[in-house]
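Presented sequentially are two complexes of chain A, the first with chain B as partner and the second with chain C.
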Partner chain A sequence: MALAFEKLHWHSKLEVAEYLVPASLTEALDMLASHGGKARVIAGGTDVIPELRSRKLDVSVLVDVSRLPDMDGIEADGDDIVIGGGVTHAAAAASPLIQDKASALATGCGWVGSPQIRNVATLAGNLVSGQPAADASVPLLALDAEVTIASAKGERVVPLSEFFLGLGQTALDPGREILTSIRFQALADNQGSAYLRLAKRKALNLPILVCAVKATADGGNIASAAIALGPVAPVPFRERAAEEFVAGKPATMETLTQAGETATATCNPRDSLLRGSCDYRTEMVKVFVRRGLTAALAQAGCTVK
Partner chain B sequence: MSTVELSFKLNGREVSLSVAPDTLLVDLLREGLGLTGTKAGCREGECGACTVLLDGTPMNSCLLPAVKAQGREVTTIEGLEKTDGSLEPLQEAFMGEGAAQCGFCTPAMILTATALLKNNPDPDEGEIRHALSGVICRCTGYRKIVQAVQTAAKARS
Partner chain C sequence: MQDKTQEKTKTQVLTREENELARRLRTADKPLTVAGTSIGRRDDPLKVTGKLKYGADYSAEGFLFGKILRSPHAHALIKSINVKKAQELEGVAAVLTAEDLPGRNGFGAIIPDQPVICGDKVRFVGDGVALVAAETETIAHQALKLIEVEYEPLPGIFDPRDAMAEDAPKIHEGGNILSDDKMVKGDVDAGFAEADVILERTYQVPFLEHAYLEPDTTMAIPQPDGVMLIEGPMQAPFTTRRNVAPVLGVPINQVRVRQIHMGGGFGGKEDSPIDLSCRAAVLAQATGRPVKITLEREEVTIQTAKRHPMIMELKVGVKKDGTLTAFQGVIYDEQGAYASLGPKIPPAGGSHVHAMVMMPGPYEIPNVKVDAYLLYTNHPYGGAMRGFGAPQVHIAHEQMMDELAAELGITAVDIREKNAFRLGSQTATGQVLSQSVGLRETLESCADRFKWDERLAATGWVDQAHTKRRGVGVAMGWYRTSIGTNGDGCGAAVHLHEDGSVLLYSGITEMGQGAFTVLPQICAEELGIMPEDVRLVKPDTDLVPESGPTVGSRSTTLMGNAIILAARQVKESLMDTASMMLMVPTERLDAKGRKIYDRENPDKSLDFAAVAARAMAAGKRMIGQGWWTPPVPSLDGHTGQGSPYHVYTYSTHMVQVVVDVETGEVELEDYVAAFDVGKAINPKALEGQIEGGVAMGLGYALMEEVVLVEGVTQNPSLQGYLVPTMLDVPDIQPVILEVTNELGPYGAKGIGEMPNIPATPAIINAIAQASNGRVRRLPADPERIFWAIKEAGGPPQD
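What follows is the complex of A and B.
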């Protein structure tokens, strides 16, 4: 059967003139380059489609990267884990490698949207959307991940600490560039991670607060810790003051409580009827930093006294 | 407007058609092909009523460009009915347990549960609730829906 459905753009109302499906990364990058910024990469589409419908995006061409070869791997590379740009949240959450060597990321990926969303939405897209409540972005920030960004001009590697520039703004130009892979160190035996999330419902709910922690234990001491928070500022961020405070200190409840107290300097959450007051969320930052450190240290084999 | 040629398997049958490049799968199914069992609710991926199976995996058809179905297999609620008119154990269980009230979420619930039982034939209540968490029901309180999935799982085993 062969039917024409030209009328259907009426109902979809995306107002996109072309939908391109490149067969290779080179072809995808050339397509983007030839449209001079008026094309947009689409992977899972779970952010791009609503943004097109609400006219937050002004693009005439979509370039679908979800069928590019060699983008869906989750692999160990020496001490590192490398996640391809096409990997979905469902695949990451179910990966034994990520569950074992980056558990905070597996937990965060399991919270994104709903099962249906996680089945198509990619970690790369979670990063590129640049939202402060992004459940994959916050643990990746704590894991000191770096991303490889490709364009027609070549490749560059950007650490996530330099990636998030503002609400919805990242170091990547989604009209010209593609995030091809994510790399970070797998947790060593004396390291642990944790992901804590505060939300009103258990699914289909953006969080009030999330906290990802990676901790390195040295006997009964905290050798170092990475603490990432969202959405309590326009971008997900690392709480450096608390990280510096705990480094080299004994893993006691007193240390962790004081770390929580120092962790609110960068926080400036909005008062929100849906997501709580600024005061409440700031208080919860203290609690989550303490609990996150406790859980990450426990995974590292260090019981907080 | 230009069109895109598209071929995929829909409920076991090969279909070939041409669509506008920005057509969403939910609109192609409902408006283009008359398969109105798939519901368009929020159109933002928040309610899950538009869930279909793409290669057996639940996805929100309101967020899927139809072009993404190229070469793949789409299953809608209409695809569960057998040629002799009989229904799947899940559908029978939803009727038997009274697991539908207004019915708007029911196709999505049944398709999502179909995918669950294929991967996990004997799920516990927590696994059922987790698997169904992407579909919102505003009538039932979910209890009868969970019971129906449990009943269907027993009937299949």
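What follows is the complex of A and C.
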């Protein structure tokens, strides 16, 4: 039915009482705690500001974490890569470490918005916004990343497989907690990753479908694969049935094609007037699972026959 | 990127009237010094330094924020409306309903059928039912929520074909068929009998939003003397004034419209400023204070005019050798809720008639029949958008040409070469093309630059896995200069000062197309001075002569001619004076580079400024006024036969694409666009028009569509309504050809709209050539291409 026009109104004036700039993480967490959930963290602001202007978000206080010290690192820690909560998509996309050891993530970060958005928007914010096809979230899910979440009460670590709860909802309480870091295993020599994106134009666009794959090769076989898809569910989605199907199988086009068919049985893209029909997107799941696996395996040194 | 092929082919078979006009102008052969060069655009430094003021930068002492309460229903009766609570809200200066209006409750660029405020019924989602003026934007928003409206919903019409049913609900009292036009030439039945192949196809295009960068904004400022001053970015200040005056119930001379530099218009700001100006003006009159209405982006999409959607049914017959024998077409042209710029202004004005005239394409076809219906629906309304009905029909005829060629087994270029207009060709309206017909030259140059034959031979699979195929596409086009109405006159004034500086008064507006650069260039050329010696007085209906609207690719040509005629009046003063000073007869004098000199003895010369001072002192005429009207247009109301537009610009586009046949994604690899423009007054600015136009055509082809469900716009923001980004637009190589227009300033024709038009079908044709996926309902987004390939039984298997 008809849109309520008042919901379309953009307000040029932001009705925010206070804008706080903490000097440390502890101070930031205390500020959030003292406002009892009515404050909201802002980093790049590329999601928060539009939500405030359209009055979808109702908070009176903003806590700016973009200047917190020691949050912008991208570092190797043993076999792991650790990304700070303040790292922007531009920094991640340009990082040689991520390009080399988590290329799907570098590709995904390069797709986010426009250069202006990538220069300020953070990976942490991309995760916290909880969108089903977010270009950093989907590869991070395939990389089996886990996130560290801090609050005034302490820290906890949550795997991304348990992080996304629903559309726009995550395990993080945006009024009380801050996502401080992201950790995942760097790709080994027999591993590869890929990120594919289908959209109606080449930038600043909601995708029709995205797919991130991490594959581990064992000679000519697929030892294991992680396949993440979006938007085929309210949250970034791990395609477990196809993952199980390919595990231990020879890396042939037949295996990959069947993996694509398997994927369509479990993921459920909706009919969308703007993104495309369910039928089309289901066809694209087949193509993307096959192509994603092919590309990731190729990076792992395994040519699909 | 600039590679200019200058090919001055001089050919003409002018009518007597045209000969007379050409004789009066006599500019086509003038050796040029200032016109024809790529001087920098005047507004660029201001734009890149952020100093240029746009509508949003303007304010007035104590102004109020105006807002519009909109109908959530596509079609409904208004049973009651209660504004009491809104009026009582602190900070609200006025709440107006239809009852409060002082004058005519209607506006429109052609017919005033759109209510300033709806009284008894609403006709689309977004129709205005009340107006609010308040001290702040927030209060204005709150006030809108306090207005209580009781509606009785009526059944709506959302498909133009449904509007024609006898039992269809009537959207306007006069019925749903706003215009029913015919074009008949020869005998189509006989033509089809001669044909070896006959194809029937239906093509469909959606509503398009202009997506200009600057949302609409208008300020109405009551003046102490009772005059209503309107300020805003707009393409048609005079049409705006013509509407505001009766709405306020005052004579036209009591309304003053000042045009502000525009952040993009593309035809959309021809009539949306009429809407905002009328509404801001009644609020300003009611409150006695300045009122500013600025639309939010979502409101721009919901409220303002769009490009007309069309359903186009074609039946075309062709002989084995590619010769066209008959063309039969039906257009269901969806007007939407209000008439806007759709209906006919006799004989050939309005977008609908223009679409009909252009429908068979730039081809010689002996037998033609077109039935064109312009139909009201309960959707937003169609207006002007870069091409004015022509882009839609080009999408139909240019796809049909390719489908015919494929059926015959000849190339897309061959079939066009066989049928394309040449000098002396007769159009579907029976008009004999008497001069400046460079269509074939554009085809030849485009194919040459693009290397059509080589590229066509090289199309096929890109990768070993057979997921991507490369293909090429071509489309041709034609577009009128001027608007086909009887009253398409254009006025200018030139004021020469004693120091040689000049003020140029023109009502043509700047919207990024370069008018404020090109018009002074023409003025300087005619007077023999430099462009920087001419200051342009910005459009203001109190100052500049009536110039008509800035539309129809008419500015350079019509205004250019008016400026030349105005400049000649003061030039006569200068030449008379110089003749006395040099003791040389005026016939021997010429002006160039701020000098007036004896052609036979160029050393004998005077400074332009010195002559101007002497002329002034001698009481000579220092103000020139020019008025130029194109040859009288004609179009028979029953047969659609006549000469509706006096000259046409021609073009051929070629593009190479790669289609991912598994996903439907498209990559544009290369693009060449060739134009016969008559004469390029500023080649660099012309190239800018070409690049922008092609980018817009690309959006139409691949992604743009206002998505409507039961009349409700589903993608009102630019997050949902997609326009191309820099990454989507390929390198575009312009080819500029100059086949002199005897009736244009130094031979020029219009160029503003032409580049937009063949771009869309060229891309669609390339996609089909590459993949077999023929998308007959636009946009050709990945999904539509994917299904079209499936429907064709898959991509070519070679």
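As a working rule, the second predicted complex is superposed on the first by the 292 of 305 C-alpha atoms of A that agree within 3 Å, B and C clash if a C-alpha of one lies under 4 Å from a C-alpha of the other, contacts with A are read in each partner's own complex, and residues count from 1 in each chain.
As a convention for this text, a residue touches a chain if its C-beta (ideal position, glycine included) is under 8 Å from a C-beta of that chain, and two chains touch if they have at least 3 such contacts.
Nothing here was measured: the structure is a model prediction, and the numbers come from that model.
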item: Which superposed partner A:Leu204 touches (first chain B, second chain C, both, neither); value: both
item: First, second, both or neither for A:Cys267, with chain B first and chain C second; value: neither
item: Contacts of A:Tyr280 with chain B and chain C, given as first, second, both or neither; value: second
item: Chain A: partner with more touched residues, chain B or chain C; value: B
item: Contacts of A:Val138 with chain B and chain C, given as first, second, both or neither; value: neither
item: Which superposed partner A:Ala17 touches (first chain B, second chain C, both, neither); value: first
item: Contact residues common to both interfaces of chain A (with chain B and with chain C); value: 1-6, 8-9, 11-13, 114, 202-204
item: Touching residues (chain side chain A, partner chain B) in the complex; value: 1-9, 11-19, 21, 42, 44-46, 49-50, 52-53, 62, 64, 66, 113-117, 119-120, 202-204
item: Touching residues on chain C, where the partner in the complex is chain A; value: 70, 72-74, 125, 137-138, 141, 144-145, 296-299, 302, 662-663, 665, 702-703, 707, 709-716, 719-720, 722, 724-728, 781-783, 786-787
item: Chain B residues touching chain A - in the complex, by the definition given at the top; value: 1-4, 15-24, 27-28, 31-32, 43-46, 48, 51, 57-60, 62-65, 67-68, 70, 112, 130-131, 133-136
item: Complex contacts: residues of chain A adjacent to chain C; value: 1-6, 8-13, 114, 198, 200-206, 208, 273-274, 276-277, 280, 283-284, 287
